[in-house]
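You will see subunit A twice below: alongside subunit B first, and alongside subunit C after that.
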Partner chain A sequence: MIYKSKKIIWMFLLPTIIFVLLFLYLPFIVSVFNSLYDIPNITGIDKNFVGLKNYKDLFTDPIILSAVKNTFIMILLTVIFEVGLAIVLALLVDTTKAAQKFYRTVFFFPVVISATAIGLMFILFYDYNIGLLNQMLIKLGREPKLWMEEGKALLMLAVPIVWQYIGFYFVIILTGIATIPEDIYESAYLEGATGFQKIIYITLPLIRGVIKTCLILVITGTFKVFDLAWTIAPRGMPNETTYLLGTYQYKTVYEASRVGYGCTIAVFIVVLGFLISIAVNKLFKQETI
Partner chain B sequence: MEAIVNQFKIKKTKPKTLNLHLSLGGGIIHVLLIAWSLTTIFPLVWVLNNSFKERTLILKDSFSLIDTNTFTIANYVTAFSRMNILRSYFNSFMISGSVVIGVMFFGGLAAYVLARYKFRGRDFIYAALISAVLFPAFATIVPVFMGLYKFNLINKHIGVILPQIAGNLPFAIIILVGFMENIPLELEEAAVVEGCGAWQIFTKIVIPISKPSFATVGIFTFLWSYNDLFLQMIIIRKSEFLPICALLNKISSEYGTDYGLMTSAVTLVVIPVMIVYLFLQKYIIKGLTAGAVKG
Partner chain C sequence: MKKFSKVLAASLVGTMMVASLAGCGGQKAADTASEPTPVETEEVKEETTEPAKGGEEVTIRTVSMFGGTDPMTGIYSASIEEFMKSNPGIKVEDESATADEQWKSKVLIDFSAGNEPDVIFFFTDVNSQSLVEQNKVVSLDEIKAEYPEYASNISAAAMDSAKYAGDGKNYAVPVRGYYEGIFCNKALFDKYGLELPTTWENLEKAVKTFKENDVTPFAAALGHIPHYFIEHFLLAEGGVKEHSNKDLTAVKDTWVKALTMFKTFNDMGAFPIDTATSKHELQQQAFNDGKAAMFLDGNWVTNGLTDQENTVIVPMPSTGNGKKDPSEIIAGFSSGYYITKKAWDDPAKRDAAVKFVENMTSTDLIREFVLAAGGGAPAADIGAIEGLSKLAGEGAKMAGQAKACDSAVDGWLSKQAWDYLLSKVPVIAIGKEDPTAVVDKVIEIQSSNK
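Coming up: the complex of A and B.
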């Protein structure tokens, strides 16, 4: 065997291990410790040990409750529409050999744009005075609407979040479909299966692994949403009703200067994301039996 | 007419019987797909179109296409005069360029060892490295900020570069290890016979063969670093060091009602990523699917 030298192994691995430990694992552990303190300043000076008080606050904070609810609604919407539409689009594109490359390029393209720019774009769409939507309504002879009003705002926020990443999952699923061997379809055709039956009984079951990957990525991704939400609905606008866990954590640390509590929320986000990933994994395993 | 076209299609695809009945719905399928394409293209065209209009005209009619009478670069003039946009581009390229180089270099070295060497703890280290993707930036940002503050790295490029390298390494390792594992060993064995050391094998054989996966990693790292508002916003507060996304965020909070300025600012932020995407999209899609479908 040519690959044995211990010295090389550690020399090559060490920089990466140091980076990941120093900037990901260690800070997370420190966050867990910080969550037991009251820290009034982001520089970490003047911290006070308060034990589990932050966790007590966490479970009685009404905004946390609404942020959790909003995050779960967002997850539900992204799972249904982001992954759902991605599957539909991939199935459709797979049936046409023509222009596949064009569709891939065009569908994927919002993914590469910064969420900040997309956020500003949608602010312009939703704007009461000049917004694209209201100008359309006026052209159709209707009254302009207030798009980001309470009750509707969360859904309006979900639109760009869902829209931006459909292309990402579309490409992954399309490739998954392409790896299914042709002869399976051919034998199904000989058995007299219709196109719809082939999708239900062959395509979808065979790309179940890919769909699982997508679901885990979508769910953990939705926990991380920040840029878009902060641009379109800063501070949970309107009336703190659209906070997601990420935006609320930012506000707690950087605007309310409750750093210890912010770390508590951060720990909560990681634990929740972790539990849900495990649940998704379990769910898909059970079904295969 | 359509019937003739369809007949022709059927004849042509006769040996491959499977698409036969689907070609009936072919027209509808393309209509649906083109409808979705419009939702991804139209918003940006709308922004681009309006960025070349007078502010007042956007208010009146944001749908009309620009013509020689209404065309103006006034919004871009405002953008460049109010904000130091070139400086922000420079900041962004310094930061994202360094992050790309760092991630490809360190990630490449680590992936090579993880893909080729057999040693105790290999599986554990690999699992620990790639599961670090589970930490969102919120979970680590406070201690990272405190650490950077202690070492006086706040408001400096390096303060964004270091955490971004760390944040992108897990993804790089997933993609690069996946690719390198599939390179046949023969070349490397031959190189050993020729007397090459590990470093030479890495630079002369592994890197050239793995170029496509390095391209994927490089492009995604660039896009994520360039687009990452959260870290930019927190680490850099001085306007002379603001990267372009943080600047855009600042423009929108200060001049949010100047729609002309907003549309031109969005265009300016999007242009570099559009260029990267259109020229290098082949690597983006290839690499992404290679990594994701495997995992």
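Coming up: the complex of A and C.
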């Protein structure tokens, strides 16, 4: 024990504890309380106690089902493409020591751009009349396409979400690769291992812990995706088919003024997120290497 | 409703007369209309000489919907600058933004959380309900008791239209009214030998012909802003009489028929291929680019339409069942300046807030706002105005000739019912939702909110 007096520990922890209690736990408790009311006004006036009615509505709401499905599809896509591509890019960039800083900057750049700006940019990519993609098709003599049509809208929505955060996981994985001792690779070289074999038998096993961390982050992070999805496809465009849990909860509270029901969705998101976090942590239980 | 029509007609007579002469002038009317040229009124000049209360600088926080691409943004910002120059003791911190459903919610939350501004330009309809019920804004009676000249230039009819329906009192000072209609690309109608959609037959024929010729009949983003179509289909089917009937059960049939039109028109190819995913602003651009022949919107969009010479505005025609007079339109006063209770109760801010509203609702500034808004009924007697564009003049004429008008449905329908309706429009259009079931649900939500 470094500190004999625990006062110092508490002194440093207290601001964070207060912050977390005020801005995380208190709102959650208030949401649980509000989920038992019908609150037809964003200002919270005229609320009526309805007991578990909102929870009954939740389990019969077809949009919630669709939003849960979409959220899980989005998680799957981000796991495969966000982490997957980040691993591939990190492995490739690791081989070129000279330009590593350049690639780090280039790949990380989308992370620092505001999601709203990226959303607006992709709206202009996808637009049927003036969109970049259709203008390119027209220049190539092809017919313009409806990029956000019902069948593929969720996939099109996933493109910028995946694209924005590849760089984030790329940097984490690249840093993980950099921690592998060089002498292991030298031994492999002396044994005559090829580059591919080095990746399969040395690099990937040794960064397993980093990959697991990335997977936990990406799964829990996708659960909270909101801003980009809301900018590109507000109100579940098209035809209420692209709602994610976050966007549906926001729409319910701030556009439909169904505050009580919105709080019920919020509680549902927290419970589901908690269960998924436990499952993910159990699934990727850290093994010491 | 009829009262508003009268004031609209009367106040627009001058506007119409000038509009008809606008084409004769050497200068392009639209150019002058879009320039933010706030005027220094006699009233303001007098205020310049008056020192600020106590000699200390007072800061007032203001919020309005004149932000983003709103045509009023320039004039509004310039007016604030002018006001601060004329009143060195008053600093205005403005937080205006584009008005959409999220902005409305943000405003209401700010009020609820005690973070309200000192002066706000906000809606006078159902959206203002919680502001009044929470006693967050000051009634004009209370203000006039201390400032007898406050809003004295505003016409009685305009004040009447801007009353809060709950208690029949005035809380906001209106500036201008609005009207809505179908903006038509006249060149495209002429090209295909079509009559303007002044009758239902003309409208249907235009939709079919444009579709056959690869021109989008209506520039519409049903997944984003289906608002205008909802109220206009209702108006076409039931006229002002049924459009204004708040007893939804009594006019259920009209509502069902109106919502069914989304499917009918969609099947006819009236809406663009991306109507469910596009944004209203992008559709306005498609109309400006000549890719669409018609655009349903209000007078505020007039100055944003690029081809003023080739664009005309007509009222939504009747379906032909005899319920709607061809001249009936959607129009009204739906917004105004409020002084919040917080500012009123603060002795340092009360005078500044009153001065600010008096400045922003001065007759000269109302004229500027009416010009920038492409017409619309002025809340004060602004006399004949110069510089209205040809299109704005036609809009004013259409509004002036309306035998009856009614304000938009979302002015009285509960937010929950309205949001549900908005969500279902694109789904009805593709035939995945039954209009009758949707109307039943709207009635159920509306009843539960009473």
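By our rule, the second predicted complex is superposed on the first by the 269 of 289 C-alpha atoms of A that agree within 3 Å, B and C clash if a C-alpha of one lies under 4 Å from a C-alpha of the other, contacts with A are read in each partner's own complex, and residues count from 1 in each chain.
Please note the rule applied: contacts are C-beta pairs under 8 Å (C-beta built on N, C-alpha and C of every residue); 3 or more make two chains touch, one makes a residue touch a chain.
Keep in mind that this is a model prediction, so the values were computed, not measured.
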item	value
Joint occupancy of subunit A by subunit B and subunit C, clash or fit	clash
First, second, both or neither for A:42, with subunit B first and subunit C second	both
More subunit A residues in contact - subunit B or subunit C	B
Which superposed partner A:171 touches (first subunit B, second subunit C, both, neither)	first
Subunit B versus subunit C as contact partner of A:254, first or second or both or neither	both
Subunit B versus subunit C as contact partner of A:238, first or second or both or neither	second
Contacts of A:153 with subunit B and subunit C, given as first, second, both or neither	second
Which superposed partner A:121 touches (first subunit B, second subunit C, both, neither)	first
Superposed model, subunit C segment overlapping subunit B, candidates 111-119, 129-137, 291-299 or 327-335	111-119
Contact residues of subunit A, present in both the subunit B and the subunit C interface	42-44, 123, 127, 129-130, 234, 253-254
Of all residues in subunit B, those that touch subunit A in their complex	17-19, 21-22, 25-26, 29-30, 32-33, 36-37, 39-41, 43-44, 46-47, 58-59, 61-63, 106-107, 109-110, 112-114, 116-119, 125, 128-129, 132-147, 149, 162-163, 165-167, 169-170, 173, 188-189, 192, 198, 202, 223, 226-230, 234, 245, 248-249, 252-253, 256, 259, 262-263, 265-266, 269-270, 273-274, 276-277, 281, 284-285, 288-289, 292-293, 295
Residues of subunit C touching subunit A in the complex	101-102, 105, 108-109, 111-112, 130, 133-134, 223-224, 272-274, 276-279, 282, 285-286, 289, 291, 414-416, 419-420, 422-423, 426-427, 430, 432, 449
List of subunit A residues in touch with subunit B within their complex	1-6, 8-9, 12-13, 15-17, 19-20, 22-28, 30-31, 34, 42-44, 85, 89, 92-93, 95-96, 99, 102-110, 112-117, 120-121, 123-125, 127, 129-130, 132, 135, 139, 163, 167-168, 171-172, 174-176, 179, 182, 185-186, 189, 194-195, 210, 213, 217, 220, 223-224, 226-227, 230-231, 234, 245-246, 249-250, 253-254, 259, 262-263, 265-267, 269-270, 273-274, 277
Subunit C partner contacts - residues on subunit A that touch it in the complex	40-45, 123, 126-130, 146, 148-150, 153, 233-240, 251, 253-258
